[in-house]
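Working notes, structure below.
The first chain written gets the first letter, and so on, giving A, B and C; residue counts start at 1 in each chain.
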Amino acid sequence: MMHGGGYTVDARIRWPEWLPWIAALAGFFLLPEYLSLGARILIYILFALSLDLILGYAGIITLGHSAFFGLGAYVAGIVSAKLGITDAFVQMAAAAAAAGLLGALTGAVILRTRALTLLMLTLAITSIILEIANKATWLTGGADGLSGVVVAPILGAFRFDLFGRTAFLYCLAVLFLGWLLARRLIYSPFGAMLTGIRENTQRMHAIGAPVYWRLVGVYTLSAVMAGVAGALLTQTNQFVGLNVLGFEPSGELLVMLILGGVGRLYGAFIGPVAYLIAQDLLAKQFPEYWYLGIGLLLVAVVLFARGGILGLIDKWMPFSKPAASAKASAR
Amino acid sequence: MDAVLETRSLCKSFGALTVAQNIDFRLRPGERHALIGPNGAGKTTFVNMLMGALRPSSGRILLGGDDVTRAPQAQRVKRGLGRTFQINSLFRNLPVLDNVALAVAERRRIALRMWRAAGSYKEIIEESTQLLATLGLAGDLTTPIVDLPYGKQRLVEIAIALGLRPRVLLLDEPAAGVPSAEAERILQLLEKLPPEIAILIIEHDMDLVFRFARRITVLVQGEVLLEGTPQEVARDRRVHDVYLGEQHHG
Amino acid sequence: MILYVISVGLSVTMGLMGFINLAHGVFAMAGGYVFATALGRFGVPFPLALVLAFVSVALASVVLERLLYSRLYGAGELAQVLFTIGLIFVAAAVARMIYGTLAPPVFLPEYMKGEVDIAGRGFPTYRVFLIVFSAALIAALWFGVERTRWGAMVRAAVDNRGMAQSVGIDTRQLFTLTFALGSGLAGLGGALGADIIPVQWSYPFEHLVYFLIVVAVGGLGSLRGPFVAALLIGIADTACKYWIPELGAFLIYAATIAILLWRPQGLFGARA
């Protein structure tokens, strides 16, 4: 199932699109001992969705998307632990605003460049923020991490419980909203326009699109979404560590999205699910094999299956193929 | 009458290589103007400068009387400038309809709408469909460009530009690489375009140029050699020497 | 200096072949491991161990290049980035399986351990050796690229691949050789630096940013560029950590961003 958007596509929600939500709710009732993993997966799906917007649809390659995720996580944590504001939505709004601001500012600066330079700039920006978080111990806790994050009961009624039930449902609700927005965006004229930029920037210029500003716009939106995902992570863990920033979380996220399939909306769902569950099963017992496996898989995906898991499903089940779309998504 | 598009001593050089030298050029409203010249004369460079894809080294460009020399492409397009590319520059993986609809959406300023589905903007789809129908592409609306024969791709190239409803249309070899029967069809379509659109066409096929254009500018090594009516150009000795002698390029 | 030896190799592969090779640190790591193992376990003499590190890494890279890299020369940046990230994962895992999580100790020969007296002050012999050796290497490379036939061909291929091919240069073979040289240099750099920068399985991750900065700042396809950049960054980094440790690597990143915005193609890069 491809989700390319555009003017010839039927944008109504088809039944398979409800499956992830049914699966999530089923998981909630059937696997209560895995709820914290579940919440982590939901958060990463939101994060991957934000990356898919800029990478899969607008074609911006970045190694620094963790900058926004990490900033959101830290801002939410600081608002709670240092300012004493425990309202979940205020924390999230602060995180979203900070990430959005960073996205707009850095986007305005770096999106004039391309290729390796762009890649380096994104990497340098997340590295800088990592360095700040590491050194500003009074604010962030430095290498020890920021603890003492308190989140008041959501809407005054739902307390974060030890078993992570509230956290899971809270993440699920936020992800649902994020998905709804992302899906709207992808099928809208704006989404079609982004696909146009990815497909042929030269032509977009020639039909009068101020490409640079459009990219800054979508970059900012994506940063907001990543910031919200970061805030969710802080709120569910009630802790922030340095591992939310820098190259590694960016690379990991990229891997998840690639495994799932880029530019397909649901690649951002399948990727984190597969990656994080496999990691949970394998990584602790056999860390070497885990890295080996991920590495080999990545090489294999690049060489043989550019569309990721969803791409393979498309290939093997040739029904319901819209006329055109994400063929070029893995460029 | 005032020129709708004008350049004043436009120059461009890449290092030591001069590709445009003091080009003074005027295009009047509704005019059918051809730009000819041997390969490497700087025709496409000239179009790129008019569009804003390339910044001139010196000189001015006026669009509708306003100086747009430093204006970005997007602004020039909003003021009524449209172009096609010599080498197809299409959204190759998108359906034909979307190729045109993207341009129509930009012109109608709905390209930033993020909520309603693109497919629900009936006015965009209807306009694009009609436009494609006038070019004989009504049967290919949902075909991705990659699956479209080359001749039809050239038509989509023109359709995208027309979706902008330009006042000035720059056609960079619209019939490049097309067999002569199809080139004839493209010419017929061009002749049917609304007369108020001013058209500058770059073309190698002399038959096509002499049938279509009312004025011709001859560009040689970045300089205007001559400008005049087709008859004047055809009579000119120098044109024969530098250009018509090697016209079998295109 | 070590940074330079490693990065210049990367500059060669990235600049010449237009391939975004994030896995370059893998070759440096491999060189370091080969070197440490040869010295420690098999008692290979020091100079021979260096040669071994260079040659074995270069050979291994030829295999990789022929089998895998060459398939992706025409592919997009994203594919290259992902592919090389994948390679890093694989290499890190393999390294961890063989060597565990600790860096193997590096047994330098006695004559490298003491101090030498230069202008009345004592300097560790090994560091002096590193600087002298790297300087010699730079001179050799410079000579190689500027004066030899191979250098001329490489530069021609960088400037215009199609043209180089049409005048009868076998660019494919040239690329393989160049890739081997670039990787070999990385291996050599990793080996030389093994005493100072511990060779661990996480090596390619940890230093990736530095290699990339050096190349991006220096400019692709230039030998002088990464040299100047490595020197600048090395000095700035040390100075920074010495005088204002609270800022850490912050200034390096900030400087990188500033330089890249000022000159997106790097300090000495060919104009894009």
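Everything below uses one rule, namely that a residue touches a chain if its C-beta (ideal position, glycine included) is under 8 Å from a C-beta of that chain, and two chains touch if they have at least 3 such contacts.
Please read these numbers as outputs of a predicted model, since none were measured by experiment.
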Chain-level touch network, classified as line, ring, star, complete or other: line
Most remote chain, CA-based centroid, reference being chain C: B
CA centroid of chain A to CA centroid of chain C, Å: 33
Between chain B and chain C, centroid-to-centroid distance (C-alpha), Å: 48
Where chain A and chain B are represented by their mean Cα positions, the distance between them in whole Å: 41
Of all residues in chain B, those that touch chain A in their complex: 51, 53, 72-74, 76-78, 82-83, 85, 89-95, 97-98, 101-103, 105-107, 110-121, 124-125, 128, 141-144, 146, 160-161, 163-164
List of chain A residues in touch with chain B within their complex: 5-11, 184-185, 187-193, 195-196, 199-200, 202-211, 214, 217, 323-328
Complex contact set, residues of chain A against chain C: 55, 61, 63, 109-110, 112-117, 119-121, 123-125, 127-128, 131-132, 134-135, 247-248, 251, 254-255, 258, 262, 287-292, 294-299, 301-303, 306, 330-331
For the chain C and chain A complex, residues of the former touching the latter: 14, 20, 68, 71-72, 75-79, 81-83, 85-94, 96-97, 205, 208-209, 212-213, 216, 220, 246-250, 253-254, 256-257, 260-261, 264-265
